[in-house]
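Note that chain A is present in both complexes that follow, paired respectively with chain B and with chain C.
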Partner chain A sequence: MRTKIGRSLVVLAVLSVAMLIAPAAVSYPTGVNGVAQTGCNCHGAVANSDVAPSISGLPDQYNYSEEYEIVVSFTGGPANAANSNQGGFNLWVSDGELAPIDATAQAYGANEASHTEAGNDQTSWTLTWTAPSGDRNVEFILHVNSVNGNEDGNNGGSSGDLWNKLSAKVSPPILVLEEADPFVVLSTLIVVSAVLLIITLTYVFYRTNPESFTWEHFAPWISEWLTSTDHKKIGTLYFVAGMFFLGVGGIMAMMIRIQLAVPGNDFLTQDQYNQFFTLHGTTMIFLAAMPLINGFANWMVPLQIGAPDLALPRINAMSFWLQPVAALLIFTGVFSGSGADTGWTGYAPYVVSETAHLGTTMWVAGQIMLVASSTLTGINFLTTIAVMRAPGMGWLQMPLFTWSILIANLMLFLSIPAFGVGLIQVYLDRVIGTAFYDVSAGGDPLLWSHLFWYFGHPEVYVVIVPAFGVISEVIATSARRSIFGYRSMVYAMAGIGVVSFIVYGHHMFTSGMSPTLRFVTMLTTMLVAVPTGIKIFNWLKTMHGGSLVYRTHTLWTLGFLVTFTLGGISGMFFPSIAMDLHLHESYFVVAHFHYVLVGGTVFGFYAAIYYWWPKMTGRMMDERLGVIHFLTGFISYNALFWPMHRLGVWGMARRHHTYFVTTEEAMGALPMEAAGWNMFVSVSAFLFFFSNFFLIANMIKTVIRGEKAPADPWGGWSFEWMTASPPPTPSFDPHNLPELKDANEHIANEPGTLGKLFNRLMMSEDEEVAH
Partner chain B sequence: MTIQNALFDGLWDYYIWISLAVSVFTFSWLYHHSFWYRSEEGVEHENPDEIAVGVFPKHNDDMKLEVAWTVAPFLLIVWLTYISWMPLASVWAPIDDADYHGFECEEGQSSNNELVGEGYNAIVESECYHVMEITGKQWVWQFDCLDLATDLCSTSSDTIEVYGTVPVLHLKEGETYLAIMISEDVTHAPWFLGLGTKEDVQYNVETSLWLTIVEGTSDQVILCAEYCGDAHSIMAAKLEIHS
Partner chain C sequence: MSSYDDHHPSGWGPHDWGHGAPHNSWSPLIMSIGIGVFLFSVAGVYEWGEFIDASYIGVSIAGLAIIFIGLTVWWRQDYTFDGGYEPRSMGTPFRGIEVRKVAVWVFLMSEMMVFTSLFSTYMRYRFGIESCESVFMSGEWVEGSSVTCFEPAGHLIASSWFHLAPGAINTFALIISSFTIVQALRYAGMLDIDEDRRRKLVTRYLGTTWFLAVLFLTLKMIEWFLGFPLPEFLHEYNHGDSTIKSLYAEGYLINADSYQHKYYNTDYVASHGHGLDHESALYLMMEEGTHSGGQMMANIRVSASTFYVTTGTHGAHVLGGIIGLTYMTYKASRGGYTPDNAVSIEYFGLYWHFVDLVWVIVFPFFYLY
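Right after this comes the complex of A and B.
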């Protein structure tokens, strides 16, 4: 048995390494990556190696402030002396000053130069470059066009033209260290985080039982984790994976914020920035939020409904193990330097165009695997909740967290097939040349938007609804009350689930889709406020007459109420279309969805961690560290995202790798104050990122030497508090399942409105016997 | 506030007041309950809902209250929908629907547009409109004034320090323009920052956008709002207004 497992592990490792390495070799062929700050308004979509650019006259090492005469030129391509035009160039330099020598070239500021109309009929141009007065590594980026001269426009003007790019570097008199490549920084941080995670887990394994820290004990221990079908172990695996990717997504967010800290920054190139925000979104939604939900759902749903495990344990294990493989595929492009650069929305036709990076194909493939994983997870939870509830537990006696998982999985199950179909179409378009989204062949780019947002908007609720469940559990337990309006909470969650499918058009108000559909989705989007309002007011009313115990999970719950309410209010601005036309794709949108997804989902998770940690590990968390985590996290979070509302209204566009402010000398898109606010946001981002280290420290500390937790430390009512902390395996004896009692026995046995109606319509048993 | 669009400003100010009212109500309630009903050390708490492990607790509900806070948000959104309706009809006025911008101007005719109403009722009305074209392609904007007189619409280029050479669109104060838009490659969206409006441009599909240059509109930057690849963030242009 052990040999089989060993062989399987070796095969898995070889496959993983192959997936990492093989695509890396094919993701480089164009060599167009890393286009510098100038970008390229070139003739044609991709570079062509038939055109050979060159820069002569550059020294290997410059002298301070010396002026050099340089010649930029190219050979090859369709350029011909007989043509009316032959070509053009664009030269960008990171430092020093460029100046033209004659009328064939012109400078745009000190760092950029290009040809003039008079210089359009030649293949080489002469310029001067004045070296900097200090020590800096200087980078030159040259783009050249080789043109065939069909400038009349009848044939498209630039049709048949070719272009290429060249980079060159010049060293200063005193050598200075090269700036680190952001991809190297990201990869290093991911590897360091993974190594730290492994060391931490090993240390925890050692400290929990130093006596058993031998290979003989470790091998079966790790083997058990890798092959387990126990819902609690798989829940822990989901949880660890989700926390790891939350960190990875956070690292990418920090690099994005370094880039945006000051206007016109060049820490990341446009190309790198585009990949970073794409992977930040994909990672946070699919590799952090979803696994964290599944982690808590795996742990708590069977415990809450009194089931020994999930209905389909092997499917459960498969759902989890698809995720790391999908993550490898998604990140493959990044490790090859050509990661997906489409945004997490991957709008067509860009996503199938030649200009989108090659890594996009692997990014799509990884997401197809995640669709499979989520579908299997949905089947599992729906089945478990439908058929494995303990005796005495009716639908309207389930804990609200279980209700939230049921509704989230129903939404996911109904929406994710559309996304899966869209992804497969994109994959086929990119790989075998089908034309689902190729407009010139009759494809329809708006089809992708419809398929994506039919899934994408419910997906946002899929990650927030479980947080509603957590908050409902925590606020009731902390207030020592039953949740106010249990039934209306269930109906409100279900209502949000239904409404989520008919509002997605508000993401497409500016897309040019049918005005009637846009108007309808304006009305339905407004409707979201109704179930949301019910939930918020029910949570507040739950505290009434209670005795609120302030624990860390209570603080995160109160924090959630503040931030989620603010996120809900800012959401009401979008369906008002005359405002949305300005706010769409601005930082106001970024602020809104981070208020909902971080202030809602992540704060809900934090509450869940502090609330259920004693049950999961058998150890109480350190309340002092918890309070510090809340205070630092809550304050820095608001400092990070609140100013983004204002930046968005000013006109700061999302997915722009930099921004420019208006000064006395130059006109920019944003007012001067935007620069200061962006720096403030970036500093706050780092504070928020590092505030989470208090949580990590708390977890490690308490697992090793935390106070032992009783079965029901907070006074909850549902079945998870009936089992030991941590619970045994199986979680409940299948032959002796618990039975739920009901404090509302008299109400539970009375028929409802429909029941009364049927009773009146139908003949009673007594009357039937009499006849 | 840098937005010069009266439709946006009117709605924005109104929504901010509504938001403040909702926030004050909700947070006052939260603040009051979280302090007033906090547990005190040494004081035995009551268990009004008979909470015990393994027992579904007693219902804690009140039909009247629950209906009240179902109806209240509903009434609020009905009102918000109502006040958002007229500006919506204005920004998406169908072409040649004489209600807002009349018909296409004859040669020499002026739009004479004016701001009608105030606050959330503010809209722009015009006697007629001029047609021009906007084309987006990776990563440059192209403007075509068609056969409009140069005092109504013209194009040039300018160097903005950070964006390099950008196309410039010159429009006239008091005139209303209908921009017919198309893309030559992927999806783009011109965002007229000072007008507070944008619309996607699609490959092979014509879309349109009303540009109402009311009195007081000033020069502004035009950005691309729909992600379109490498140089998306510097796909800029400039709108210059003359009287």
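Right after this comes the complex of A and C.
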């Protein structure tokens, strides 16, 4: 049996490596491992030095925008004038523009050129190259193929053909340093992060028993993690994956901020920038925020409702394992240099056009898997919460975090199939050639917007509502009293859940939708402020009647209240149609959603990490490091996003790879101060990024040397605090479940009108209750 | 962790179902990798409907094989399940109902949304794009250049009883299979019959359900790709044509940007006695001599995409049912279903009734209307 595990691990490792290598094998010129390394479709096995390629007509130093006539040619090899086919070439240039002169050559975009069918019968081709208008180090890579011609008859067989490669460099008028390729930087950082993660995990294993650091012990340990269906283990896996991708998304954000630090920067080209913001958004929403939510939900929901595990443990494992594989698909584009460049919204018809990068197909495929994952998660949590509450725990005795997960999953569950169907349509359009979004065949791009935002708007509440739940738990515990207005909290969340489905039109105000619908969604969107406001006031009122204990999670909660409220207020500008048309696609939007998603969701997660860490690991976190994390993080966060409001009002456009400032009053130009503010934002962004290292350090430090945690370090009173830290497996004995006897803190002993109705309709007391 | 045997949970094999502790399973990881490999490699075979790389076909098949390995592991673990540990709901409103039954109902909620989204797409295009018939009648086309319009598959299929036959038989096949699955459940749960008879009856009814599902997909393939010949005495009822052509042969395809159909040919309409509606704009234009008539060419890619993807999604659900039924029939033939775990058949039955119901809605909208 031991060998069986070993064998399966080897198979899995080979498969994973194959999935990483496969995309590189079809990489594209701009990629990390593109044509520069792997060459064109040259025939012949290896490069052969008999073939001597050359490029003539290139200057040592170019002049801006000048057009050069260049001749690529080769000598040697099997080519000779008697062959019907003599050779071919592929020329790639890092900058400037290539264009053919006659019918013997053709250009693929600005960067690549090759011979044509008609140019097969010669060994020299002429092209023009237009130098770039700025200062760049330009690299040429030429592949030539010396062809054995009609050896295999006139069909152009390729046996005996030889090829070779040549690279040349041209300097700009003003010498510049060699520039790093952002994709190489990003890939390197991702790989470095992954290696660090693996080292950390190996160290975690080493610490479990330093004497037995051998493969024989490692194989069952790792296979236990790969196969576990225990909700706590899966929760931890989600958590690790979520933190990893939070880091990866953060690295991408930092590179975006490097690009935007000064006006007219060219660290990222327009093309690369599109891929960076697409992957940043996708990573942060689907690969960081959602797994972190699921991590906490997996850990805490069964503990809070007194269930031994989730209803469907194997399905739960399936939900998780779809995610890393999906992430690999989404990221294939990064490693091939041709990642999705559609924005996380993937608007049609661009997403199905041939102009959109090939990586878009994989981005779509990955998201289809994420949709499947979310659906399975939804089934699991809805079922678990509906049927596995411990005796005595009615709907209105559930802790608010569990309520928030219920509402979030309900929203997600009912909306994500629309997104899934849209994605499948796009996937089929791109792969087998259906025409759902092909405008020339009558397809309607707005249909995609409807399907996407029908899901997309509930989705943004899906990531914020669990944070509401966390804040409710933390604030009640820290204020040492029950939450103020428990029922109104539940109804407010349910209200957000209902309203979320009828507001999505505000994402499409500029799409030319009907004015009546615009008006309706304006009103419904404004309505969202009501339940959210109720929640904010309830939290404030909870603090008012209590006596706060300032632990790190309390600080993050207070920070959340400030930043989320500010984000909520800036959000109220958008439902107003006239205001929305003005602010649309500006940095004001960026500021708003980062205020609610970082200041809301991420701060909520931080509070949750500090709050539940003792329960999850059995170790107390370091409060001093925690406070430093909060102070640096909170200040740099506000310095990072607050100025973006101003930049947005000035008219700085989102999703543009650069911007220009001017002293003149020109249309679309930013004032001079914008450059300074952007630099300030970039510096703050790096400070915020590095402030999170305090959290990582804190985690590592406490796991190794943390103080042992008691079962209930904060004085919480929901079920999870009744278990040991960390809890046993199964979390509760299925034959001896806990019983909720006193729910005074939730003032819900008497069922309400709805509860009475349910009681009458559904519950028959004489029915046998198993287990 | 010291040893792996049937009494300890193993990631590969049979479970000990006697308690509620979490078990280990390799299945989720393997299936996820398989799905990833499959989605990755299919995009390598085709691009915008064009065949690009045959070498990826092997990888796609490997992906499917990996999914199947994962599925086999899942089934191996389920195989020993005899109803010994079947948790039931504890709270309002599902008190006393099996947990997994609730889960299936929840799952069907999501399935409803899937088909709702597909129907939204259909309605958007069906009502948003002018139908080919009214474009034809309006005379706003010229022979030789393609017009974009919506051509419902129903127009082709419902044009003849024979053309409709596969779909109609399918409808009854599915309805009957919904009955047979309930019979399987009934006999599996029946207490007063002996074990052998129960085993036989359950196997027989599950097998029948399996057969009807396979029949469904077979007829669908005939309707889409193969077509079928008619005996001679029926030709006269089929406008004199000797075969019923498949949709593929009719050119009703997702890449049909210049679809030509006989119904949109003024000569054909005249020669088959239907005649053009004398009130129609086309007739008047032809009378005046401002329209020369002939055959209309249509870009029907959106209509065909909608038809194939919606009915195809339903077909995929049937295929999923077949895969599940294959395992269940095998388990039943080994006497795996007893009154203790008969409810497992009900879980599948719920899904199967849903697939049946969806067809009952898809059929009129896509085949008749």
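By definition in this document, the second predicted complex is superposed on the first by the 560 of 771 C-alpha atoms of A that agree within 3 Å, B and C clash if a C-alpha of one lies under 4 Å from a C-alpha of the other, contacts with A are read in each partner's own complex, and residues count from 1 in each chain.
One rule holds in what follows: contacts are C-beta pairs under 8 Å (C-beta built on N, C-alpha and C of every residue); 3 or more make two chains touch, one makes a residue touch a chain.
Quick caveat, the model's predicted, so the values are computed rather than measured.
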item: Fit or clash - chain C, chain B, common chain A; value: fit
item: Partner chain in contact with A:Val10 - chain B first, chain C second, else both or neither; value: neither
item: Chain B versus chain C as contact partner of A:Val431, first or second or both or neither; value: second
item: Which of chain B and chain C A:Leu561 touches, first, second, both or neither; value: first
item: Contacts of A:Met722 with chain B and chain C, given as first, second, both or neither; value: first
item: Partner chain in contact with A:Val191 - chain B first, chain C second, else both or neither; value: neither
item: Touched partner set for A:Phe660, first chain B, second chain C, both or neither; value: first
item: Superposition-derived minimum Cα distance between chain C and chain B (Å); value: 12
item: Common interface positions of chain A, toward chain B and toward chain C; value: 393, 440
item: Residue ranges of chain C touching chain A (in the complex, touch as defined); value: 1, 3-4, 10-12, 19-33, 35-37, 39-40, 42-44, 46-50, 59, 66, 74, 77, 86-97, 99-100, 102-103, 106-107, 109-111, 113-114, 116-118, 120-121, 124-125, 128-129, 148-150, 254-255, 257, 299, 301-302, 304-306, 308-309, 313
item: Residues of chain B defined as touching chain A within the complex; value: 1-3, 5, 7-8, 11-12, 15, 18-19, 22-23, 26-27, 29-30, 33-34, 37-39, 43, 45-62, 65-66, 69-70, 72-74, 76-77, 80-81, 84, 87-88, 90-92, 94, 138-140, 159-165, 185-187, 189, 191, 193, 196-200, 202-205, 207, 219, 221, 223-234, 236, 238
item: For the chain A and chain B complex, residues of the former touching the latter; value: 35, 37-41, 45, 108-109, 112, 114, 263-264, 270-271, 273-274, 341-343, 347, 349-350, 353, 355-356, 393, 397, 439-440, 445-446, 479-488, 510-512, 515, 518-519, 522-523, 526-527, 529-530, 532-534, 536-538, 540-550, 558, 561-562, 565-566, 569-570, 572-573, 575-579, 581-582, 584-586, 649-651, 653, 655-660, 665-669, 671, 711-712, 715-719, 721-722, 738-744, 747
item: In the complex, chain A residues that touch chain C; value: 1, 4-5, 8, 12, 15-16, 19, 22, 26, 220, 223-224, 226-231, 308-309, 311-315, 317-318, 320-322, 324-326, 328-329, 332, 354, 358, 361-362, 365-366, 368-369, 372, 375, 378-380, 382-383, 386-391, 393-395, 413-418, 420-422, 424-425, 427-436, 438, 440-444, 447, 450-451, 729-730, 734, 755, 758-759, 761-764, 767-771
